[in-house]
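Reviewing the structure listed below.
Chains: A, B and C, in written order; residue numbering restarts at 1 for each.
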Amino acid sequence: MLPRQLLRTATAGESGRHGIHPGHFLRVCFRSTCTLSMLVNVLWPVVPAAIALHFARPDLHVWIFSLNYIAMVPAANLLGFAGSELAKKLPRVLGILLETTLTSLVEIVLFMLLLHNDQDGSLIPVIQAAILGSILANLLLCLGLCLFCGGLRRNEQTFHEAVSEVGCGLLLVAGFGLLIPSAFSAALRNNNSDDSESISADVLAADTLTISRSTAVILLIAFLMYLFFNLHSHHSIFDDVLRFDETQDEDGERELQRAKLTMPECLLAIIIALAAVCMCAIFLVEEIDSIVALGVSDNFIGLILVPLVEKAAEHLTAIDEAWDNQINFALFHCLGPSIQTALLNAPLAVIVGWAIDKKMDLDFDLFMIVLLVLSILVVGNFLRDGKSNYLEGGQCVLVYVIIAVTTWYYP
Amino acid sequence: MLPRQLLRTATAGESGRHGIHPGHFLRVCFRSTCTLSMLVNVLWPVVPAAIALHFARPDLHVWIFSLNYIAMVPAANLLGFAGSELAKKLPRVLGILLETTLTSLVEIVLFMLLLHNDQDGSLIPVIQAAILGSILANLLLCLGLCLFCGGLRRNEQTFHEAVSEVGCGLLLVAGFGLLIPSAFSAALRNNNSDDSESISADVLAADTLTISRSTAVILLIAFLMYLFFNLHSHHSIFDDVLRFDETQDEDGERELQRAKLTMPECLLAIIIALAAVCMCAIFLVEEIDSIVALGVSDNFIGLILVPLVEKAAEHLTAIDEAWDNQINFALFHCLGPSIQTALLNAPLAVIVGWAIDKKMDLDFDLFMIVLLVLSILVVGNFLRDGKSNYLEGGQCVLVYVIIAVTTWYYP
Amino acid sequence: MLPRQLLRTATAGESGRHGIHPGHFLRVCFRSTCTLSMLVNVLWPVVPAAIALHFARPDLHVWIFSLNYIAMVPAANLLGFAGSELAKKLPRVLGILLETTLTSLVEIVLFMLLLHNDQDGSLIPVIQAAILGSILANLLLCLGLCLFCGGLRRNEQTFHEAVSEVGCGLLLVAGFGLLIPSAFSAALRNNNSDDSESISADVLAADTLTISRSTAVILLIAFLMYLFFNLHSHHSIFDDVLRFDETQDEDGERELQRAKLTMPECLLAIIIALAAVCMCAIFLVEEIDSIVALGVSDNFIGLILVPLVEKAAEHLTAIDEAWDNQINFALFHCLGPSIQTALLNAPLAVIVGWAIDKKMDLDFDLFMIVLLVLSILVVGNFLRDGKSNYLEGGQCVLVYVIIAVTTWYYP
């Protein structure tokens, strides 16, 4: 959302080399941005194995699912790393747009694949669950781990008030807009059981679909306003905040001396990562039916499994930043993607579904809506005072565990 | 709620004239308090036309509804203007009480007319929707436009923390009290479908009515406490806040030199405005049945149409104030009437309904309750840091648009 | 939660005497910590009367219930007083653990008795209502009265931000965790009425029970983390806050010169109080069936009657502290027990129910869940600015009255 490149001088992104040097390229990509990301790169051998298995033994459904699930993590990690390297070399506005796109890319690819593979409407609930699950994982798990890990190393973490105010206020209003169609549908379905003269289920579904599509269009307008605000009007506030963080980075020296990629290397890395992400995602989505047949509920896949893998790379980066006392960066990497999921990815899924004539609506399950609103309120309450400690983070993570356990039983 | 007269010296309300001067009178009334209010006065010719049409062509239902709808705006605007002029000439406590009454008057008149015209309980949902719609319009539309318009002209608006803390805290607790009867009714109706030995719908409706009436009495006590607090105990804090705003007014000079009404002119203007408001309201309410017959749902009339017209004059004043950097005044004019709707107007409707033996209860629709609580939380979150920008305001307005679209389909 | 003993020098807890002196003992116990507590001691003659009546006239059900209900108040008061006297004589960590235990003891005893007496599952809803009612009474009634009474004597009360931030943030996340099983069950019960192929009520009940037990275990882990945080990591912040309050105490001089109990006297008082509390609780719980037969709904007993009596002694102490300008102490005594109810007492009830094979789950009534979440949000909103006045307190109390009236009609 708010890329580091803003804060660097023009030369900071320079590698001092030209063209593609295979040895350098591999070394820089492997080291990635931080220690946790580097550890993730150990998983790269799984990527070819997962792809190969899909073609060699298409009958091993669970194995294909598991391997591709794991393979998504290093591929998404490389995509994020190469994207941020490229963004540093571009003009400011282009750089922000690139990072914004890349942040949402894996999620959008997954939503599109789920939409495309959906035959009889059975994958629509998975997409809906994945929208909410992505926000839940960002807020409770990732942000909770950031506060917890960051809090373990120091008595109290303080962060800039603007981060939490802007982040949580916007997230709450985005969540509010997102759930209006569900409130409409739930209220009418409830009334239905009372009086017989009420509208039929078909009319209700059609109305909900129309409302969802209108809502999606309005949410996209809200996202454009948000993007315009970030690009043009108020970057100065954020810049101050993040520049301050930069100076706090306990890994700071290492970061400046870190070897960089050249422009062609960036593009090469993005192409490789994108190809790997797409293939793994395709094979993963194809196996969902077999996993559901095994007894794992589609809600669990949507609310817990999909968000965990699609965001894993970002989560690890955020936790590493929190550990290095760059708590404002870490919070941005939790709150920003959540806002983008609500204002960009979810509406896009609805609108693409509209275009290809799928009945993708925003009629979320009541249970998940309640979890979403409460999560936003809880996190907002914790962030509001601009301080955090490991207790606050730990409680968020424990609540996420309760949610995961409960969803396991949700049919 | 907190009238400007508090802040003026005794002479500021003086016109320097005596008796009634028709020319002056018309000129002062036309100029009103601000540019937007003046523009509204251009609609005055609609008032006689609307009244005349009702008697001349009682069969043109849609035209009568539309014209009277438009005619309400300048009439309510004059009522507000003349009321604030009169309040400046009265002793402080009387002035506050007068402004408090006038703020709620149009809404109470409409509620009473709806109650009076209700034959078979079909207008009760319209009143309930109008109660919640009035708060929603104040919070999301009017406050959103204030933050948006105010934010366009400056990088960031700051307002006094007391405004938001007192306003939002009280509004949340008022909304909480207001919705307890609905929670009672919704929870029992839900359980009903489960087990057969549960209470019957008639008993439930009777219990809900009793609880609504008790709640209304307790909310009125809460309102008296709130009024007492404003009148006696804590005016000093608000005075400081508002006096500060006064000095910030970018129209300030103009305001001081503005011609004032004399006492008899004030009374004359109030009488004229009151007569026009009442007539338009009567004719408007009579035509609701014809509009419903056209296919506009009564929820849309109650939640969107009625609140927009009844508050139009106040909203325009608030937006003008936000534009002139008097953001504290503007917030008061959004939050104050919302609190009065919840603590005064809604309980009054229930109690008057009790007196004239109508089954007016507080069993709101689940859908609207959810919208109300989330709106209060969203606005509270935005106001809490004492700063705002156009993005926050714009998001509130967009959510209001989503609500309006959704309500259009709500049967 | 955060006992005063932290703040006193080692000698402050000293009585200057040894052994047991009956006269001194009675006088010190009678005077208790504050004026309100002393007034409660006037009720001591009810204790033997209540116990005697149970054996003499077991047929007078309503009388036995009423007398034992009243008798609980002075017994619990003595338990709290003797406990805090003893805690002052113990090493710091032991003292905190003792006070934490005693705070929850009466509630846990009542829950265990209700669980034990439950034959056919009819007392389970009473325990569930008592869990939520205990938090509601602490937040709305007790905290409301503290703010109201404290606010009457001074224009504005200010308290330390950490109290409200830590208190409300943790309370919200605890409430969130507590209600996830209910959201699961309510959402599925709702869906059930729609499609016929959904899961049966039996499976749903079994799943809810499993989820409740998992949730209980995770909440206990959260409580241990919270206890560890208080014991080891962050006492310094709280200490500063409370030491500041100590100096503000308008009864301070009196407190320091107050006669103290000796160690054996403390133990004697605890034994007497514990015996009285247990006997009254046993007799009280035995009569619940007769009270329900009289037409008082079990929800009213659980949500209003049980919490009022079990917390009466603490509430009076908190109100006395607020009156004496020790508002931070008072808030701790409202927020601390609420967190303990959610994170310790409720999970304990579920786990003990598991051990003795009762179907104790966390499937709360929807109506009560809504009340709980809104109460936490309302109180959080009021506390957030670190200031309060009598209006905020009064509104909380009035909302509690509305809740009590509504619950009376709740079948």
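In this text, contacts are C-beta pairs under 8 Å (C-beta built on N, C-alpha and C of every residue); 3 or more make two chains touch, one makes a residue touch a chain.
Here is each chain with its UniProt name: A, B, C = Vacuolar calcium ion transporter.
These numbers were taken from a predicted model, which means no experiment stands behind them.
Summary of the copy comparison: rotating chain A onto chain C for the best CA superposition needs 120 degrees, to the nearest 5. Shared numbers divided by all numbers used gives the overlap of an interface; between chain B and chain C this overlap falls below half, so the copies present different residues.
Averaged C-alpha coordinates put the centre of chain B at 41 Å from the centre of chain C.
The set of chain A residues that touch two or more partner chains comprises 186, 190, 193, 377, 384. The part of chain C that touches chain B in the complex is made up of residues 155, 186, 189-190, 193, 201, 365-367, 370-371, 374-375, 377-378, 381-382, 384-385, 387, 389-392, 394-396, 398-399, 401-403, 405-406, 409-411.
Touching chain C in their complex are the following residues of chain B: 161, 165, 168-170, 172-174, 176-177, 180-181, 183-184, 186-188, 190, 193-194, 198-199, 207, 210-211, 214-215, 218-219, 221-222, 225-226, 229, 233-234, 373, 377, 380, 384.
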